[in-house]
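Have a look at the structure below, then the notes.
Letters A, B, C and D name the chains as they come in the text, with residue numbers starting at 1 for each one.
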């Protein structure tokens, strides 16, 4: 399904760099890493001989799934893992083969892959956020001393300086930059619970295996699975929407300044009109508002998706899949748009 | 942007037949029809000579836009029309050339194209809805006499028959089928307002031109533009979510029946599990719930998008574009899933 | 629970006239009418002797419920009807007593009471909507000829007249006025299904009884119950949000005009500031935006509440109760605010 | 405005203890504390003589506002502070009188009062959350060893123990308990910015005054105002919905267990039915689902409300007021309901 429908609109909402983090290739690479880490964990627990584990992980690493078959079977299974694992079982051989996927379940692979995708997304967002903050500092250095009409409740209040409004844009972004760092830490969490979340197939070895997988994947083992407790994905969704909301506020301010005129702002490269050649529309500013309201809409669905039934809810889980990648891509597109918008500001405020 | 992220998930949420209605090709074909109808309307009003109009419409019909350039320029303009019209102007020649796009604006083309896309979407949905109703009749004919435990507030109430529950599924779908017919009529409405919605460039000829365009495109002329009054797209969004909600209720019932066991329902082709080979998960039933909650989430954004600023809001308009095609595709996917789900029911209720 | 928290804010969001339609008194009066109509229906079907029915309905009419006990027991039952009926049973006597509430269930009383409340709400809204349309006509008569800067995508486009913008406010409101009339008709629908929705306790008499109740209450009998098919309440919710959205767009326009200054608009009675005595904030205009976004938020929950489980869902039903009265009151408050806002406009546009 | 409409329903959704935190009395007490702290801050900065400040704060402390007048004037001003301050100015006298409210603005008082209300709310929630966790430990101690059917994707998976499911309920609640502690710290933040957020009226004294107010009120001074950056209230909203979502998942599990029957769960005190005396409906479990979906709906509006225009947005600010108190009260009611629900569990799982 394509948000926005037409391909022509891709540039308005899409973010290929973020989208790539949710591609089939990235997903299956995560699956592969998980299955390898699991085998190594089983070996650490003494459930597989070290040499056999090494042999099996080599085979897993070399496996290339038949994506078309997974796409087709995924409709029936509601998740790509069963077919992936079936193919992988056909692919591998050797004494450790019966221990492939041992103790794990579809959700372990899927959620851990999501965690890895989000970590990778957040790296991209973090870099862009730093860039945007630098750029806002530059804008403040360039125009900060200019006089600007402060506006409260849609009415001229008193005047202040361009730097004062820019500061109200930068402060929440700095807070988000710090919190994104914290989110990256908190959200590096392994999903591992087995069929019903209690790792019962591994008995006393569960903890050793879990810690080993987490360590190999560079994740944290929280001491238990979180199949039906969706804290990490919800935290990501909340953050994505808070980020786009903060940028949307900047977009709205710029659109309002553009409406008020050149004493407030002067920009280059506005949108043209098919009917009125004289116009330069603050399209990128509007777009930031759009992206903010889009994520503010979608975040509700992520909160609804907290109501997983019993030990695993297909209904709630699939809802996350429909929403969270879009929210991340929207956040990415919003940061790109914000950068382009600030870049296009020729002058902000009235020079003395 | 891709809802659901991975391509493997396409089969869960996508509907290629609906998606095609929002493709670039379909969009540009609508643009072409509009520009031709406009020229013919101008001719009817005596603003263009008949022969010149015929020559110009032939050229418009033959025009093939440079989509890549539109995609790129669309980011700046926030709408594909200015670049489309620019290319078209370069393409055409002759005495009527100055009257190309005369009196129209980007929003006239975009909204009318949306109206045409929705009409086409609704035809598809209508056919499927009829098919689903037939299928439910068949299910009732097959299993309707079986005894079934009625459940109120998550507790066994008294027993009734399978046909009774199937009736509670069919009745709202029949109402929606009738309302979809009405929606198709109401929503066949031309958008035409020119630069600021009042058709002032056409003066006294506005009504003639508008009626002519509407007639040629098989649409209704409501007597005025609706650039900032979003009734038609909101009606579509509400309907899409009511449709997926009604189907989601069926999905939830089936999932609950599957949970209660074979006295309630027996289905074929359930989803398999990577950890528990004995399982047959009611994945399609869950999916109907997912799609319902997805549209129930998105509909909020369409209501937010009612707040168009002044004569045209880029921010609110782009939000519609991000949401409405997805909502239509979700409705399409939901109907396909419902059909597959009912098809998979081997038995409902307990035979006497 | 109080939206907005503080009592001081009551004037911003509340509408006592609408709220009264959802009071306990109104609810229990509906219950009483339903139980009387049911007895009369049973008499029509020959299940109760005419004289006994007359005696019983007199007793029902005279019954005054112990509201405090209903409030307390309602927490346990999740619905006020069981305790209401229990008290009523204690209150009445005579030969028809065993037929009290016969064939009905809690949801029949609750949903029918809601239908009656909504009909009453819609009468109020309809009157106000007519008043607002008149007032807008007056504004147009007064200032319509003034020149006004049309604004598209937050940029000055070309000029038109104040009447042109006022027309874009009036047109969707006229459409809503017509649709409200249609909604009032469609939504006058009896809920009557008995324990599990199929009226099985009444056997062949179901249709007679149902038609009789509907006729006595001035409602339509749709031929079946709609316990789990929530079309009527959803239609109301959609409409409430479309109404507040349309008024919110007016509010936003006025706020933007106030920002642009006195060539656009001049109003009396703006809000004062604790820090800047010179300010006159367009508070009522802002409030229309607030109320629009509030209903656009809540409507999502009503769409989520479509997923009633099986024959009756307490969870989804209670969600409707939390949302729909608020949405109606918000619509009422929005109409009052719109009236006050238009009233306060001293001048719109620039006189020639 | 009253969520849920009828008073009879108050017990389902309301939480008087939480509601009291948003009462007029509590609000005006916060205002009074702020104005006193401001005077003391001005004294610390040498702008008011110490003795005069002491005299003025005594007068402020003794002031009792005319609430009716504030309610009435609040409609015009869209905020209660201007009228409160006007009354206060009339009330006080002495040499420091001109410095009353000096450097502050309405939003400083309102937002700081909100911060104080939330801190108080969170204390209540925190206590209840601890109590609920204890109670769940007790349930696990009592029934944890019983065998229970684990359910994934609405199908029986393998069996585990009651303690395993209870653990999936407790783990996210423990995480929320820890995060609530962190939230209480982060959200103790003073709002202080003056007319347009930059404290310009205080010049070089701004920092001294701000630190003094913060210290007196037991809050943190973040170094700048946050008039248009809504991090703290958004964090509260996200948390409220995550809490109700986590409890809603428990409610849904219990309702599903009640549907599956007494091998899963046995409860006392279920809801009665007006039509079927044999029923015991899991009403409190359903209610937890309702409250979760309610907050998951409202949270979207709080994210929309991030888009404050320029230095202060009445529209976005009032939207917060409509939503956040309800979300807090819903969280409170949800914790009370969860406690009652767990209390009512007589047996969970099948004893060996």
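In this section, contacts are C-beta pairs under 8 Å (C-beta built on N, C-alpha and C of every residue); 3 or more make two chains touch, one makes a residue touch a chain.
Since we're looking at a predicted model, the values are computed, not measured.
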item: Chain of greatest Cα-centre distance to subunit B; value: D
item: Which of A-C and A-D has more C-beta pairs touching across its chains; value: A-D
item: Subunit A and subunit D: spacing of chain centres that average the CA atoms, whole Å; value: 28
item: Distance between the centres, which are taken as Cα means, of subunit C and subunit A, whole angstrom; value: 40
item: For subunit A, residues that touch 2 or more chains besides their own; value: 78, 151-154, 157-158, 195, 252, 255-256, 270-271, 273, 276, 281, 283, 286, 289, 293, 296-297, 300, 304, 313-314
item: Footprint of subunit A on subunit D - complex, ascending; value: 78, 150-154, 157-158, 160, 164-165, 167-168, 171-172, 175, 195-198, 200, 224, 226-229, 231, 234, 238, 241-242, 245-246, 248-249, 252-253, 256, 289, 292-293, 295-297, 299-300, 303-304, 306-314
item: Contact footprint of subunit A on subunit B as seen in their complex; value: 1-15, 19, 22-24, 27, 67, 70-72, 74-82, 85, 101, 104-106, 109, 117, 194-195, 251-252, 255, 269-276, 281, 283-284, 286-287, 289-290, 293-294, 296-298, 300-301, 304-305, 313-316, 318-319, 321-326, 329-330, 333
item: Complex contacts: residues of subunit A adjacent to subunit C; value: 151-155, 157-158, 255-256, 258-260, 270-271, 273, 276, 279-283, 285-286, 300, 304
